[in-house]
């Protein structure tokens, strides 16, 4: 495989980090400040797109900061198909979220907006760092950076609720990453003889026994708690105290996807799916993920707060991805990778809608949304498309990834897990469709909505329309994503 | 008796040094009065000096000063110095340092105890501690 | 070195050290400590460590005792133990 | 606390006694320390290498001269530290708890004063002798310095600290103590500036009218003088501060 | 200066102190410039020495020009300095930290001890001289003398503080004297069996005369270890440290906390490696029920856990940091005793990184105390808004303590945990991770307090009323405090990113030693 050494990954990662300086410097002038956010966003996307052709050609883009940060392990970026896909999703959605955030933050009269945009940019850099990381150590570095950079965002309101949420957030994320990932990582380093580079075959392949593998896998899966695998999931609903753009981008796209991204890396790059197939240990992870899928869907059913329901839905969807990759089958892994993108588009739409409803009508609870489709038809249509995508119904991208996941299950021959998918799809439908139904078809009670209520500001509505359209488009044109995914699974499409 | 002759008598100095050291150390830790602690500290330090000086003692040897007239050094073409006739000088040198260090520590500690007396009006550790308990603490 | 003298001195040392620590009058304790220092100075001389003996006489029996007495004068004379 | 102390003491004592059986007998000639190469070298070669008969002085001021320099610094540190901790700049002895010293008679005793006045000159001359003759007999900078310091302490005891401070004021004490170390380390520094290692006295023969061996002997006298300076000043300073609670007024 | 560089490291602070005695008493304004000049010279000499060491591998300086007997192959009759990369690193840390703290002290010393500024700076310089001398010397007894210098100066530097400080300093005198005397006694036990005082000679004689089984040598090792442990406040011998550091003046705490314990750990390593030899330190002793190395690692695990738990229960920032130091001491002692190269490397690297972490945190707390007048956690409401730069530096220090990349704290933990896994000491690994988590809890509790405004935090019991010290009216942090703080914070990241270079330096010094695989 050809390797290109280029600083473009670095620039792509730095674009948002450097934007922090003008964002803070021009904090007094909101319009100027936001223009920097946008320029950084477009710069980032351009840089990412520059690398896209190379990656599609099967080349790998590399950049090394420090040759050896510890013996044998460099601090290095390496862009491959998986990283490219994730980066593409994250940087595209960042631009949309920025636009949305402007509408939301101004519409909801939030304070400390400079801090908000600054840390938002930092979070994006950390996300790209994880996506580009060439080895476990580099990935861990950016993973921790992301945990910390998002803390001020989660606790943005600085009230008592935010404090509790922030506490839970950091407690879960830090204690798992320090308590589980760090020792597992050092153990890997020691076992592999000082090598931590992600490679197709896995750097740990043939170097550990089944019991060690299982323990390490468990440490990694629970340790990357951003993936929300039960029982380390409850930070996510608590993090919903954040302003909605944060929930949308970070807790539907960046942060949680970083968690599952790391787990995919562990399966494909650290152990290698081929090596894991020789042992019968990954199925434990599959069942843990399956359990999470069902239970979180059930919990989601009982939630009345819209954002919390979305959060539990996210937990379930993330476990789809973990489940898919732990199947170790080609289809399963492909499905997982695709689901990162598909779910991102769908879920971010839903969060955007939740935020738009809050900005326009100040409603947080599902029971208050009866008939809201009549006053906010655009928003609720987008919501409908988003939920279709999450459930996995045509004509949305969610169907494609779910199709691959189901195929993967069959390929791996785990019929029990197939049932998990089916049951959970029904549950997904059960917690989303009634909202849409009531919003459009039921008549609102008297005085539920004040007369002035209409659609949210344009800056809010436009992004959510775009993302919902993207969900649909991904159904028709999934080619590029499949190409990228096939670079990892090694199967031509 | 054999035990006595082999272990006690030839090493009497070492036994006594251990005893003195234990006396001093116990006073340092367990005594209540600060000045008493310091007396203990001084005894503790002299015990160590006793140990070192005992190392340098030689049976039948004299003080470690060469004689001017009777024993000129080799440089003047005289007889070579008989090592067995002079005590080992090195422990003496080391202990000069230790004595000075001891008095320096003692002086500083006494100064501190005066300052403590100035602040608390007593030199008894338990009285001072009970006064501290009344102060705002962490 | 004179073993018999050595042993007698050592026994006296232990005795004076115990007394210095037992006496409740700190002034007396300081004085006994002076005696202790003097005995140990004799001991050094007996062990042919004349330089050490000289220093101990000046520092231990002299200055140490004096500053200890000075401190006792400037603080309290009675001790609880 | 007492039980803990007893345990710690008993543990240490047992540990030490355990090793005692392993020691060479007291006064043994061929123990590693007494018969070893290091001690033998000092005794045998001291005349050849330094021309100083008092082996202790030679080892102290030359072979292990660096130790002794820092030993002097220890004394200096003690002096400064006591001033830093105890010295009372200005506000007198207001509000202090009562002390024994307050009950002392105002006027110093005649007999004490006269005896001290008689003894002090003799003491000082003897101290200088001890310092100067340290190469050949027991003594040297420390002993001489302590005795010189003791003579000032005697003055303070007999006539009050203020009387002694008139001769050796606080400012002078500090200068004297620092000068002592400066003499010591300066001697070393001159060696360094003449192109040899720090404290390598033999190179001083270039500026002293002697051969390299005698240069060592002379340099030892310099450094011993430096030690005496510091020790004199600090010993008196310690007493003056402790006897007056740092006020340097009144006294015992 | 070239060949004379090692001696200048120690002499520069000494002459600085003398200069203050001559001129500083009268002209108080000269004290700080003299201090800074002396410490800068010392730093320059350290850098020069270190460069020579890197080129040659080892730098020997003979004091008084006394060459070893038998044409340089025999025993040493004088005192010699010997610098290798490990001691060179520690020297660099000492020089750099002391210089930074000296800059930082510009306003603090005048505020804390207005009438004894010259004395303070003299003691300060002599403490640095003592610490540097301890690190550089190769003579066991010379080390004792310098140990006493650094002890006496630190007693005094602590005792110039409040009245509680004097009492803590007195306890420190008692404990410190016991520790130093144990060390002296241990050297005596070595001397009685070997007859030499130079560290390498002692080792050579132990090997040549096959003294390893001798009870005296075994007791000597125990005594020296106990002495050094008392001095470094290794749990359960730590009781003197928290009060001494937290009641002392700000500058004293900021100077001593990073340096004194670390230098003592360096000395422990020095004793293990140079005097006794690894083979002796780590081998199972016949007749001992416990493997010696296992025992110490267990003790350090306990120290780590105990230190972290005690830190958690403190409501005062300075006190809390002192207990964290106790936990960190456990890290290093345990790392050094893991009996493999990685552990030793990690311990030495942690000496460097922990010195700067502690420095950064103490400096930040000093700024907080200077500006708010107190250091209780309850009083930190809204500090992120009031003093964002200081709190940012504090955050970097805290993240390093927790052990998050890319700060150096992460990498030292990386090596130590790796070594623990390699040695199979799982309780040590567990203790390290536990302490990381504890540190995370401790520091995020503070961040929370400082990040959220007062009304949100009111649920916490407030012993301190922030309104009594209205922050807005306080002057801005003087640059003499902010600059060292930021330099130390940035150093944490630089040390982290370039940790491999440092580790290679350490490894080059450890190469000559024969590390053998740890016994299960």
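As written, the chain order gives the labels A, B, C, D and E, with residue 1 at the start of each chain.
Here is the rule we go by: a contact is a pair of C-beta atoms (placed from the backbone, for glycine too) under 8 Å apart; a residue touches a chain by one contact, two chains touch by 3 or more.
Note that the coordinates shown come from a computational prediction; the quantities given were computed from them, not determined experimentally.
S.K.: Within the chain touch network, how many edges lie on the shortest path between subunit C and subunit E?
M.R.: 2
S.K.: Under the document's definition of touching, what chains do subunit C and subunit D have as common neighbours?
M.R.: B
S.K.: With centres defined as the mean of C-alpha atoms, identify the chain lying farthest from subunit C.
M.R.: The most distant chain relative to subunit C turns out to be A.
S.K.: So which chain is the furthest away from subunit E, centre to centre on CA atoms?
M.R.: With centres defined by C-alpha atoms, farthest from subunit E sits A.
S.K.: Of the pairs B-E and B-C, which shows more C-beta pairs in contact?
M.R.: Between B-E and B-C, the larger count of C-beta pairs in contact belongs to B-C.
S.K.: Give me the ID of the chain with the smallest distance between its Cα centroid and the all-protein Cα centroid.
M.R.: When every chain is reduced to its C-alpha mean, the one closest to the whole-protein mean is E.
S.K.: Can you work out the whole-Å distance between the CA centroids of subunit A and subunit E?
M.R.: From the centre of subunit A to the centre of subunit E is 44 Å.
S.K.: Distance-wise, how many Å sit between the C-alpha centres of subunit D and subunit E, to the nearest whole number?
M.R.: Roughly 30 Å, centre to centre.
S.K.: Need the CA-centroid distance for the pair subunit A / subunit D, whole Å please.
M.R.: Their C-alpha centroids are separated by 74 Å.
S.K.: By the touch rule stated above, which residues of subunit E touch at least two different other chains?
M.R.: Counting only residues that touch two or more other chains, subunit E contributes 141, 145, 148, 152, 155-156, 159, 166, 169, 185, 191-192, 197.
S.K.: Spell out, as numbers or ranges, the residues of subunit A touching 2 or more other chains.
M.R.: Expected reply: no residues.
S.K.: Return the residues of subunit B touching two or more other chains; collapse runs of consecutive numbers into ranges.
M.R.: In subunit B, 12-13, 19, 25, 29, 54-59, 61, 63-65, 90-92, 96-97, 100-101, 103-105, 107-108, 110, 112-115, 117, 122 touch at least two other chains.
S.K.: For this structure, enumerate the chain pairs that meet the touch criterion.
M.R.: Per the contact definition above, the touching pairs are A-E, B-C, B-D, B-E, C-D, D-E.
S.K.: Quick one: which bits of subunit C touch subunit B in the complex? Just the residue numbers, please.
M.R.: Touching subunit B from subunit C are residues 1, 6-7, 10-11, 13-14, 17-18, 20-21, 26, 29-30, 33, 36-37, 40, 43-44, 47-52, 55-56, 59-60, 63-64, 67-68, 70-72, 74-76, 79-81.
S.K.: Any idea which subunit D residues touch subunit C in the complex?
M.R.: Checking each residue of subunit D against subunit C gives 27, 54, 56-57, 60, 99-101, 104, 130, 138-140, 142-143, 146-147, 149-150, 153, 157, 235, 238-239, 242-245, 252.
S.K.: Under the touch definition given earlier, write down the residues of subunit B that touch subunit E in their complex.
M.R.: 25, 28-29, 34, 37, 41, 44-45, 48, 51-52, 55, 90-91, 94, 97-98, 101, 104-105, 108-109, 112-113, 115-116, 119-120, 128, 132, 135-136, 138
S.K.: Write out the stretch or stretches of subunit E touching subunit B in their complex.
M.R.: Going by the criterion above, the answer is residues 141, 145, 148, 151-152, 155-156, 159, 163-164, 166-167, 169-170, 173-174, 177-178, 181, 184-185, 188, 191-192, 197, 314-316, 319, 376, 463.
S.K.: Help me check something: in the complex, which residues belonging to subunit C touch subunit D?
M.R.: 1, 50-51, 53-55, 58-59, 62-63, 66-67, 69-77
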